[in-house]
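In what follows, a single structure is set out as structure tokens and then discussed.
Order of writing sets the labels: A, B, C and D. Residues in every chain begin at 1.
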Amino acid sequence: MVAAAPYTPQELMTVVAARELRDGEVVFVGIGLPNLACNLARATHAPNLVLIYESGAVGAVPERLPVSIGDPALVTGALMVASMADTFQCLLQGGRIEVGFLGGAQVDRHGNINTTAIGDYARPRVRLPGSGGATEIAIHARRTLVVGALSPRAFPAEVDFITTPGLRSRGRTRRELGHPGAGPVRVITDGGVLEANAGSGELELAALFPGVTADGVRERVGWPLVVRASLQPVAPPSAEDVRLLRDVLDPGRLFLKR
Amino acid sequence: MVAAAPYTPQELMTVVAARELRDGEVVFVGIGLPNLACNLARATHAPNLVLIYESGAVGAVPERLPVSIGDPALVTGALMVASMADTFQCLLQGGRIEVGFLGGAQVDRHGNINTTAIGDYARPRVRLPGSGGATEIAIHARRTLVVGALSPRAFPAEVDFITTPGLRSRGRTRRELGHPGAGPVRVITDGGVLEANAGSGELELAALFPGVTADGVRERVGWPLVVRASLQPVAPPSAEDVRLLRDVLDPGRLFLKR
Amino acid sequence: MTASGKVVSMREAIAAHVRDGDSVVIDGFTHLICFAAGHEIIRQGRRDLTLCRLTPDLVYDQMIAAGCARKLVFSWAGNPGAGSLFAFRRAVEVSDPPLEIEEYSHFGMVARLAAGAANLPFWPLRDYAGTDLPAVNPQIRTVTCPFTGEQLAAVPALNPDVAIVHVQRADASGNAQVWGLLGTQKEAAFAARRVIVVCEELVTEEVIRADPNRTLIPGLVVHAVVREPWGAHPSYAQGFYDRDNDFYVAWEAIGRDERRLRGWLDEWVFGLPDRAAYLAKQPGLRERLAADVRMAAGVNYGF
Amino acid sequence: MTASGKVVSMREAIAAHVRDGDSVVIDGFTHLICFAAGHEIIRQGRRDLTLCRLTPDLVYDQMIAAGCARKLVFSWAGNPGAGSLFAFRRAVEVSDPPLEIEEYSHFGMVARLAAGAANLPFWPLRDYAGTDLPAVNPQIRTVTCPFTGEQLAAVPALNPDVAIVHVQRADASGNAQVWGLLGTQKEAAFAARRVIVVCEELVTEEVIRADPNRTLIPGLVVHAVVREPWGAHPSYAQGFYDRDNDFYVAWEAIGRDERRLRGWLDEWVFGLPDRAAYLAKQPGLRERLAADVRMAAGVNYGF
């Protein structure tokens, strides 16, 4: 048996996130780690992913890891540059996006995301960047994936501010709110995978990374996390995955910590 | 004195229509004679007219007389091809058009135009093509010019169907209707020029072609036409105007009868 | 859907995607009107179609004459630059029952397709006050601005069952590039449930990717791709062939006479298997209408 | 307005068209952000501006730090790919009085500019239900569809006093061509009362007319044209120069330290007369960032 490559939890999180994408899907790609995960998927099992960025690049095939979602490398060789109006109206609101892929500053029990402000909105303790396109991506994509490292601060029971609606927002379900997409079906963390429970509208622990315990995850989550009876195992990254991440996709370590 | 060139009333009508345009103006050009008049103006006193067609051609410089408002000659060498959505929303509704130039099947006392149906709408005696862009051109252009040959049928007291609003429509003024543009300030016919009376909202005879009498115009208009006390004289076309019309702009006599 | 599976013949595309009773847009504003698709729909005998387009043009006149249409949704039904659509006029003026019509202005039709493309139920516009159009079309309504209290016109989204868009070039996935007049091709493609792209040139994906700003329609909304050179004749394709104005003028006399129109359909549509035969029957066409060369320079996409 | 009268220096353009108290959009989504204009606004000491843009980016952080801004209207205020805008954060978290903010999502900002461009008072969109954004921004409202009865979100038109749009090339009348990412340059230009076009290349009208489908903004909406090569650095211009990511990363440390930021403004903005001096101060810039050549082929506009 080939020895597993040494890897960091952040690398495995990225690899697991990439595995969520099926070849040929149309993905609306958020800034940061989602961007890295999508490009890893494209470099491995999903060469025909159609990557769409809110900047208007459609079918991007970046020759370098795009630093931002408006990188020129997303344009060169793309299938299309859509206007931002068409990107939001016709592609996203038009129901053409199969997967929305987001990072989150704070994700709560019901999958709501806060990227606006920690503390009081008018005079916040930490002012975050705001929605960008995340609000509408999470509303319209047929399903949403979220990726982010566990910590009690990043996973509170309830976010201070709902920037991006989850499975249930201030007591109302997506159906009640009229949202067409399924919302955050999976949140990929650096300890395991949280999955939506359609009935309760809560995120539950569904899969564990090697060497991580359910209690280890619960300690880093701010609510009494439901742990499913049978947790799925998570395969470690392949040596090729790790090589691609470190040597090809993010050699400058823009997103991956050493 | 140089003898005036022989000309037809239709040719003079086209020349007078062309004279209404000032160099540098932004003109939304309708199909038919307006198209011919605009291109005559561009070939004579108004080389910097910005011709905009509802097809999206902006700053067109057609090398041949465009047969339709979607002619490929409108595109080759144009300043811009706008989408039709941008043409109607941003250029026209956006208030960027100084002159709207229309032809009319029927024009009534108040400058309303019918290009929809003669007789009953549901089962018309003559079904006309419909609005095209005329409805919104006449609403939004800062001023509208209309060109059309006189006849009692073409100039009824009241049109059967208001396709395009004039100075007063079913008793309501443009201000009451919220229309930003001034409406049909002048109707250029083959006998003289009708001008809007802002107070009464009626078209009045303001200028006569050489050899035409006020009574001669009134006979071909279906309402008791107000004739202004002092009628403006209309200069005949120059020899160059006639040459341009016959030899350069419409040699195939697509619009001008022989 | 795999890219290779999308490339089919016109016969296959129409058979698979256009059904009796469908609402259909064969788009194009003067430019890029796909007559080849209209003729194939006639040949396959489709019935009860709701034909939608700003400018019905000759191809819808032919489809009405051939009995394909139950209803027309439009904003200008004439023979552009030449005169009338007589089959349409007869269908409205004398046929029993008359052709059903639903009528807007151009802006209204553009707005309907824009709403359809954007998955909005309506589109607001400043239009129609003082006209008789709302009186004959209850689909022209008003909406009140929640900020200013102004009353604006509103038209409903148009989401046709099928959109057929002719383009200069497309790849096998349906990524389509257009230049010259854009019509409402983009809006129609995004608004429709099924999309057939018909192209003058079927190109490799690399050609598309070399100039992504020219792509008007992404393949991800396209169901079938048909390569049909000169498929828009007597309409035109900028950079490929000019409009056949002689035919537009000739249509006046053909369309005016019901028997002659029937004869024309028999000879030029029912009597021919496909567009290749239509072109073979007009040997001088290319020489007469092929476009001059007026090349634009390329731009740099490097970084 | 004559074409020749429009071509002015950046100093003249800002002096003539940007006034204290104005609402200003310096547009660009990562691409084509006109830092040269922002720096000139700082140099000319404009005050009480309402700065509007989806992504404020470093140039608005610099303008906030320099005291130009009273209010920010935005949807994502970060350092793209690198981190925070610290001058913005200080202005919101600790300054007294704080910077006024009015906040949307990207779609909301796009919709606001689209409404402004279209001369509509509002724009409908399917958004915001279940979020806290409407609770903190009373300008996010709802509108009811007059056809389906559905309740949609609505945002008000944004019609800034001034839009500054950087483009790859323009002629002396301001007819402007752009390729690569389009941002909301077109919407901002149509929505604004005054428009300054800043171009990498000032070209003849013939260059524009050779490829009319590339024109994003017609000169008839433009008031001033400024030729300012590399005027978007450290942002980028596709086909001209790459984004200077090193500077975006370096801004983290500069922006975090108020004194250092002040020193940077003194050295790079107040201490320099214009963009030419800014470029002369960075001799290796062109070599490091000049774009590779990836030419697209041209297309035929003949008929």
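The definition used in the following text is that a residue touches a chain if its C-beta (ideal position, glycine included) is under 8 Å from a C-beta of that chain, and two chains touch if they have at least 3 such contacts.
What you see is a predicted model, and the numbers here were worked out from it, not measured in a lab.
Asker: Which of the two pairs, B-C or A-C, is linked by more C-beta contacts?
Answerer: Most C-beta pairs in contact, of the two: B-C.
Asker: Where centres are the averaged C-alpha coordinates, which chain has the largest centre distance to chain D?
Answerer: B
Asker: How far is the middle of chain C from the middle of chain D, if each middle is the mean of its Cα atoms, in Å?
Answerer: 37
Asker: Between chain A and chain B, what is the separation of their C-alpha centroids in Å?
Answerer: Once rounded, the distance between the two centres reads 58 Å.
Asker: Taking each chain's centre as its mean C-alpha position, how far apart are chain B and chain C in Å?
Answerer: Those two chain centres are 28 Å apart.
Asker: Mind checking the centre-to-centre distance between chain A and chain C? Centres are C-alpha means, answer in whole Å.
Answerer: Result: the chain centres lie 40 Å from each other.
Asker: What are the residue numbers in chain D that touch two or more other chains?
Answerer: Residues 119-120, 125-126, 150, 179-180, 182, 186, 210, 213, 236, 238, 242-243, 291, 294, 301-303 of chain D each touch two or more of the other chains.
Asker: Mark out which residues of chain A touch at least two other chains, giving numbers and ranges.
Answerer: If we look for residues of chain A contacting two or more partner chains, we find 57, 72, 75-76, 81, 89, 93.
Asker: Draw the chains as dots and join the ones that touch; what shape do you get: line, ring, star, complete or other?
Answerer: If you draw each chain as a dot and join those that touch, the picture is no line, ring, star or complete graph.
Asker: Each pair of chains that touch: what are they?
Answerer: Chain-chain contacts present: A-C, A-D, B-C, B-D, C-D.
Asker: Spell out the part of chain C that touches chain A in their complex, as residue ranges.
Answerer: 117-120, 175, 186, 190, 205, 208-210, 212-213, 215, 218-221, 301-303
Asker: In their complex, what parts of chain B are in touch with chain C?
Answerer: Touch residues, chain B against chain C: 31, 54-57, 67-72, 74-76, 81, 83-85, 88-89, 92-93, 116, 121-127, 129-136, 139-140, 161-165, 169-170, 172, 174, 177-180, 254.
Asker: Quick one: which bits of chain B touch chain D in the complex? Just the residue numbers, please.
Answerer: 26, 50, 57-59, 61, 72-73, 75-82, 86, 89-91, 93-96
Asker: Over in the complex, which chain D residues touch chain A? Could you list them?
Answerer: Within the complex, chain D contacts chain A at residues 29-31, 54-55, 74-78, 80-81, 84-85, 88-89, 92-93, 98, 103-107, 110-111, 114, 125-133, 136, 150-151, 179-184, 186-187, 236, 238, 242-243, 245, 248, 291, 294.
Asker: Which residues of chain D touch chain C in the complex?
Answerer: Chain D reaches chain C through residues 119-122, 124-126, 139, 141-148, 150, 152, 154, 156, 168, 179-180, 182, 210-211, 213-214, 236, 238-243, 291-303.
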